[in-house]
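One chain, chain A, appears in both complexes that follow, with chain B as partner in the first and chain C in the second.
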Partner chain A sequence: MWDQRFETILRQHLPFLDPEEPLLGGTSLRDSGLDSLAMVELLAMLESEYNVRFVDEAMSMETFATPETLWSAINDMLGASV
Partner chain B sequence: MTNATVFPGMGPCEFTDVAKFMLVNRDARDLLATASDALDYDLFARYRDSDDDYSEYAQVAFLVNCVALARWAERVLDLRPSLVAGPSFGGKAAAVYSGALDFAEAVRMTARLSRIETEYFAAEQPGVVTMSFVRTPPDRLREILGELDEAGEWYEISCYVDTDFWMVTLHEGRTDWLAQRLRAGGGLPLYVMDPPLHAAAFQPLRDRVEAELFASLHFTDPQIPVVADQDGTVRDTADGVRAMLLDGIVTPVRWPEVVGTFQRLGVETVHVCGSDRLWGRVGATVRNFHTTIVDPRRAMSPIRRTVAA
Partner chain C sequence: MTQHPDYALSGRFLQGLAAAPRATALHLPSGPVSYEELHDTALRWAGALAAGPDGPPRVVGILAGKTLESYAGLLATLYVGATAVPLHPEFPATRTARMLTACGVSTLLLDDAGLAVRAELGDVVSGVPVLAPVVDPGGSSTGLRLPVASATPLAEPHPAGPDDVAYVLFTSGSTGRPKAVPITHGNLRHYFSVLDDRYGFGPDDRFSQSFDLNFDCAMFDLFCAWGAGASMHPVPPGAYRDVPAFVAERGLTVWFSTPSAITLVRRTGRLVPAAMPSLRWSFFAGEALHAADAVDWQTAAPGSTLENIYGPTELTVTITGHRWSPQTSPGLCVNGLVPIGSLHDGHDGVLLDADGAANEVEGELLVTGPQLTPGYLDPADDEGRFLIRDGRRWYRTGDRVRRLRNKELIYLGRLDAQVQVHGWRVELAEIEHALRGCPGIEDAITVARAGAGGTELVVFYTGEPTAPAELSRQLRQILPKGMLPRSYRHVPEFPLNSNRKVDRARLARTAAEA
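Take a look at the complex of A and B:
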């Protein structure tokens, strides 16, 4: 499960997700309002917060499908940087 | 305070997001009726039944909504711009709203241009597309384009959106390679547009459009100056606006040049009139201006009025 920082940052980029609505692992980020430019802003915030760099496969649209896929990509990068 | 109205370039737009606005809003309804008369078909029905994001009907509907939103903003919010601009497709709405081109003529022009472009690219330059991408600094872009040069591949930069945001036109078969090279450097490929846009290689299309379409259009001097999307120059004559639209076929959009002109002329606020996911949100715009989005959602929301005590 992801940490609170991740959830806070992610929710800022999901205008269609009600604050009271739970953010589930399989929630569709696109349906929750994450469009292309929001994705760019989100990427920059996550890179800054977790000191990682999204490149190669991590930049695919699949990475941004759900909270679970996105958090998994960050975890992979954090693991690789240890 | 100086303000400018910007009509966005066209992007995918859900029919359901704009349908209510087109039917209920007074300005949209009037323009929709005029457009249907000009085209001799029911634009709303054709748009509803079309499943192509860039069909002739979607394009004309986008024009209708952009102009309607600017007129609504003028009527209800008293927004009266000192300048107008329209990157890419937005140039058509800019020509209309500035007073340089009659709305019905612009509707017929948009429909006919869509048909000519479809025919042209299918017959003369099939397999050419335009890819947009972001998070790619100029140095990195030069490296990647250098690799295309070495491979003897043709390409053109079709749009300079921001310092790290571009659109490049190239052969369809190279898009997977380009996407992979972009991602390797942290770049994010966004869309692949077909038909493509804004490339010098489309000169035969420009010539055909000028001969078959623009010869019969009547432009007048604009009442509001138009800032050309390809070079940021201010167009205040009929010929200037006409050339802006025609040259857009063969010259890239340079949004930072438009931003520079706005700054030099003291623009502080930019109102983006249309269904927009790009131009009113990109860094070059929001870093430099107070930016408001005038879209169908806003026009359909109740207006909050301050009541004096």
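Take a look at the complex of A and C:
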């Protein structure tokens, strides 16, 4: 499960997700309002928060599909950097 | 060396090839591709296209992202004398299928993303030969997968006449049916001769390539760069998190994008003085350019000449330009928007008021001249969009403009319910039509508002309250992602104006206040 920092940053970019609504692992980020502009911003915020860098191949709709896929991509990078 | 075909758009690439054969024509994320390599690739693919079951294709649909397939595929299509139809793999399959039918695509050229979409296209593409030159170079024996490995390369690019169609692109239609706009080699020849005179790009220039290939501004990038023997650099999605770093890494001298890129660079904290010293030119098109954005970009790219360029697809990419001057331009701005400038040489414009009379100062902009499309592919779409006046055919842009004291034009707004979101022309009626097809929705009104990242759409709807994510998911099946609304609001009923019509203006104010 992801940490609170991740959830806070992610929710800022999901205009269609009500604050009362739970963020589930399989929630579709695109359907929750993540557009291409917000995706770039989100990317920049996550990179500076976790001190990681997404490679171009990771910048796909698959990576940004759900909280789960995105968190797992970050975890992979964190794992690789230690 | 062969004589360059007189009107063929591909002649611009051959010009660059002759000037700088070993230089980089295209810099993909995987690495640079030289003019010679790209030329040889395009000749091989053109040979494969020509060897199809029905001989050389008439119309090639290029369903691919910003991959080698798009760039070499476009050249190969032009080399074989066919019309190119660039298509976007992320567009909904139903929409792409309608486009393929509308322009009678006779061969498909696909990358891996395009191949995945092809599976969803259904009957429309059964029997249409496929060339997937990188993913499947061997083809298959059934004949529907054209082999590139065993094909004989085309000996030389085919010539083209002024009336031959170079490409077909689609614009949003009010009925939900996209309209096909053919642009001829003659249209493009005039267009690029104007640009050559205006900018004088050279082999040392390095162009950004931010636009998707189904957006005609991409043609500016490709054929300005190639005509000059310069290199062109598709901007990968990740580069947007730090645009100045990408500009510096590639040593870009020419930047061209929609104005939303300015917002993005600002929001990522990179729009700072002299952040992009290598830029000689900065171009913005596709949406209204705000004066404040122009000022900030100019400060970040102080060595560049900044232009706001404007034009509908029907008039070949762009038809006007305003060169920004930090001294004089701010005084010309209206409603905080930068002028769109003067019409390209060889064109005439007239402003029509609501009664259809010519007005010196303000009205709908009509344009005629050598960049004007011969008309929509389906003549039924021409209705009301073209006007015969003084014995000439004019295109009605649907844009309200004002003529400034210095005779330049400035954009005021649309006459109809059309807006531009991140450069995509959107008919509000098209979105409303789509929403009314959602279960539980009675009626829907869409309005535009100025958001932090450019124009945004806001939907008001009646019927059953529905989760926004659900509506978004429904719309995504039928609309490109660039058209998706930013907010959905349920209302018990719409406000009405004094004519008992839905008060769109009031809804627009409500949306803007939020």
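One rule holds in what follows: the second predicted complex is superposed on the first by the 81 of 82 C-alpha atoms of A that agree within 3 Å, B and C clash if a C-alpha of one lies under 4 Å from a C-alpha of the other, contacts with A are read in each partner's own complex, and residues count from 1 in each chain.
Just so we're on the same page, a residue touches a chain if its C-beta (ideal position, glycine included) is under 8 Å from a C-beta of that chain, and two chains touch if they have at least 3 such contacts.
Quantities reported herein were computed from a predicted structural model and do not represent experimental measurements.
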| item | value |
| --- | --- |
| Contacts of A:Gly33 with chain B and chain C, given as first, second, both or neither | second |
| Contacts of A:Asp3 with chain B and chain C, given as first, second, both or neither | neither |
| Touch count on chain A, higher of chain B and chain C | C |
| Touched partner set for A:Leu17, first chain B, second chain C, both or neither | second |
| First, second, both or neither for A:Phe54, with chain B first and chain C second | both |
| Touching partner for A:Glu62 - first (chain B), second (chain C), both, neither | neither |
| Contacts on chain A seen with chain B and repeated with chain C across the two complexes | 35-37, 39-40, 43, 54-56, 59 |
| Interfacial residue positions of chain A with respect to chain C in the complex | 15-17, 28, 30-33, 35-37, 39-41, 43-44, 47, 54-56, 59 |
| In the complex with chain B, residue positions of chain A that touch it | 35-37, 39-40, 43, 53-57, 59-60 |
| Chain B to chain A touching residues, read off their complex | 134-135, 182-188, 190-191, 277-278, 281-282 |
| Chain A-facing residues of chain C, complex | 29, 236-238, 240-242, 260, 263-264, 267-268, 422, 453, 467-470, 472-473, 476, 481, 484, 486-488 |
